[in-house]
Amino acid sequence: MSIVQEFNEYRTKMNERIIEEDNKVLKRLFNLDTNAFAEGALDKKTKEIIGLTSSMVLRCDDCVKYHLGKCYELGFTSAQMFEAFSIANLIGGTIVIPHLRRAVEYWEELQKGN
Amino acid sequence: MSIVQEFNEYRTKMNERIIEEDNKVLKRLFNLDTNAFAEGALDKKTKEIIGLTSSMVLRCDDCVKYHLGKCYELGFTSAQMFEAFSIANLIGGTIVIPHLRRAVEYWEELQKGN
Amino acid sequence: MSIVQEFNEYRTKMNERIIEEDNKVLKRLFNLDTNAFAEGALDKKTKEIIGLTSSMVLRCDDCVKYHLGKCYELGFTSAQMFEAFSIANLIGGTIVIPHLRRAVEYWEELQKGN
Amino acid sequence: MSIVQEFNEYRTKMNERIIEEDNKVLKRLFNLDTNAFAEGALDKKTKEIIGLTSSMVLRCDDCVKYHLGKCYELGFTSAQMFEAFSIANLIGGTIVIPHLRRAVEYWEELQKGN
Amino acid sequence: MSIVQEFNEYRTKMNERIIEEDNKVLKRLFNLDTNAFAEGALDKKTKEIIGLTSSMVLRCDDCVKYHLGKCYELGFTSAQMFEAFSIANLIGGTIVIPHLRRAVEYWEELQKGN
Amino acid sequence: MSIVQEFNEYRTKMNERIIEEDNKVLKRLFNLDTNAFAEGALDKKTKEIIGLTSSMVLRCDDCVKYHLGKCYELGFTSAQMFEAFSIANLIGGTIVIPHLRRAVEYWEELQKGN
């Protein structure tokens, strides 16, 4: 199983358990997440790359993986991803580099179609 | 070995090595930790749930696991845990969600009595 | 004008401008905040002190001020506040101390009935 | 003097002093900042809004002000800014709200042409 | 009154009020701070520059001011301070730069003997 | 394969892929990293221990591992490492302790000559 499949499986499984618990605030927070990235005054691609870089400067590997998947679906090129990565690493500093390594590994996996 | 046992074993093993080193500041810091969560003007349960949510907004998985263990011993219900989780995820944002997933997995493991 | 009044005035003024802008995600996020701290499986007091300590470890002075106001309304004692502060400073480290200073100043102002 | 002028004046004055010190690493870091936001595989507008939201989730008011100035020059609309703000507040959580208030105040000042 | 005197006055005044409250955990945490920076296997200068840079990457202006004061007393040169700053800004990223500006302003004030 | 070899192998492999991508900003950021830690007004040892503690308070395990490797090469003693750890844990708080455990495990591995 690829790191992409592994991530998606665990994420789906646990999100389902969280939703089952029927906590209103968490449910609405999960819904808000969907609304925030919908087409609007800013297009979907801009919103996803914002989500990606915000996740990267906050050093959240799983959030980065999620948005990398979305960015891949939306057709971003590697050159564009690396420019986004470079801004995130400059703003967030060299402590972001270990997260960059994992992001690059995941991005390459996505490109293999896994 | 369950994720609960795995966490506790590694934690105990490494804490012992740290204490062996006989660094005064670290030893006192470890002791302070015990004192801070003792019954006082605030009861133990309030202090543990404060420890849990503070650990969650700071996105420290191991700290969350430790306090989940304590909260389980103190008899918190799942509904109470999820309300605490929901506040932590609202205050800390959706970057906390990956830590919520791991917290829920650990909480379910605790409930199995592992 | 006291630091309490100053904080509340600016907060109210700017929140109104934000709501006026009619951004759905922000409006719902603001509403979620109200829901999350409502009486539930956990009582209001526990939720507010969770909000306070989470804000303190995240070093958000304005969030701390907001929750200090709520904690004051809910009748927390100074001894209880300081135990909460002590846990936040232990978990978050000495970098939290400057925020503790401002929190104590604000708490004393609240007690003067400002 | 408006909050925009105040920010720019202090920023320019202190940046000059920093450059005068002739520390190579800092000088190159300052230059990198310019390069990272130049037109490339991603256009300037996308890069600036990435810079804005990354600064907001990291809760750096001065960084937010700087990128708001750039976004204003590049012709972003208020609706676009608020969608970016909403993503930053959702990802970063309600602790970002105090920074949102100051960002909105600064954005309004920019629109007055100050 | 200089920004150095202002900082020290407020810090002393509020620390006294915190100690008056007689919270054991906070008192011990304050004492630990003194012990941690005492001469040991690492000399005082190394410990202070560690305290300074750790405070800077964590973007705590007041902590930076405190350690700048100590570093000034211990006879660090401006060239040495700027090398420490450059490492902190590289590791912590460009979001540290606004804190660097305030640190440089404070350092210059210290050198004026204020 | 030891955790030291594992870390270095993955780090080298992914850094090469990142450099291959030929993104100027990232390449220069990587070079800056080398320059920042070179002998200067501060000696190499002071710079490495600054890098180590800054990485620890920022809770970046991989950054800590990298600087532990450098500190080991430069001949720091365990007593010195633990004093640096104690300052990092005091400034960053008990949320740093899980990172301390992993740092101690890695340091012990380095001493075995792996």
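Each chain carries a letter (A, B, C, D, E and F) given by its place in the written order, and its residues are counted from 1.
As a working rule, contacts are C-beta pairs under 8 Å (C-beta built on N, C-alpha and C of every residue); 3 or more make two chains touch, one makes a residue touch a chain.
Just so you know, these numbers come straight off a predicted model, no measurement behind them.
Asker: Chains in contact with chain A and with chain E: which ones?
Answerer: Intersection of chain A and chain E contact lists gives B, C, D, F.
Asker: Need the most distant chain from chain B, centre defined as the mean of C-alpha atoms.
Answerer: Centre of mass proxy via C-alpha means gives D as farthest from chain B.
Asker: Between B-C and C-E, name the chain pair that shares the greater number of C-beta pairs in contact.
Answerer: Of B-C and C-E, it is B-C that has more C-beta pairs in contact.
Asker: Any idea how many Å lie between the Cα centroids of chain A and chain F?
Answerer: Centre-to-centre distance between chain A and chain F: 27 Å.
Asker: In whole angstrom, how far does the Cα centroid of chain A sit from the Cα centroid of chain D?
Answerer: Each chain reduced to its C-alpha mean, chain A and chain D end up 23 Å apart.
Asker: What parts of chain A, by residue number, touch at least two of the other chains?
Answerer: Answer for chain A, listing residues that touch two or more other chains: 25, 29, 32-33, 36, 55, 57-58, 63, 79, 82-83, 86-87, 89-92, 94-95.
Asker: Mapping chain-to-chain touches, which pattern fits: line, ring, star, complete or other?
Answerer: Looks like everything touches everything, fully connected.
Asker: Over in the complex, which chain F residues touch chain B? Could you list them?
Answerer: 59, 78-79, 82-83, 85-87, 89-90, 94-95, 97-98, 100-102, 104-105, 108
Asker: Within the complex, which stretch of chain C touches chain A?
Answerer: Touching chain A: residues 24-25, 28-29, 32, 35-36 of chain C.
Asker: Give the list of chain F residues in touch with chain A in this complex.
Answerer: Per the touch definition, chain F meets chain A at residues 10-11, 14-15, 17-18, 21, 23, 25-26, 29, 33, 55, 58, 60-63.
Asker: Please output the residues of chain E touching chain F within their complex, sorted ascending.
Answerer: 32-33, 36-37, 40-42, 46-47, 49-51, 53-55, 57-58, 63, 77, 79-80, 82-84, 86-88, 90-92
Asker: Would you mind writing out the residues of chain D in touch with chain B in their complex?
Answerer: Where chain D meets chain B, its residues are 57, 89-96.
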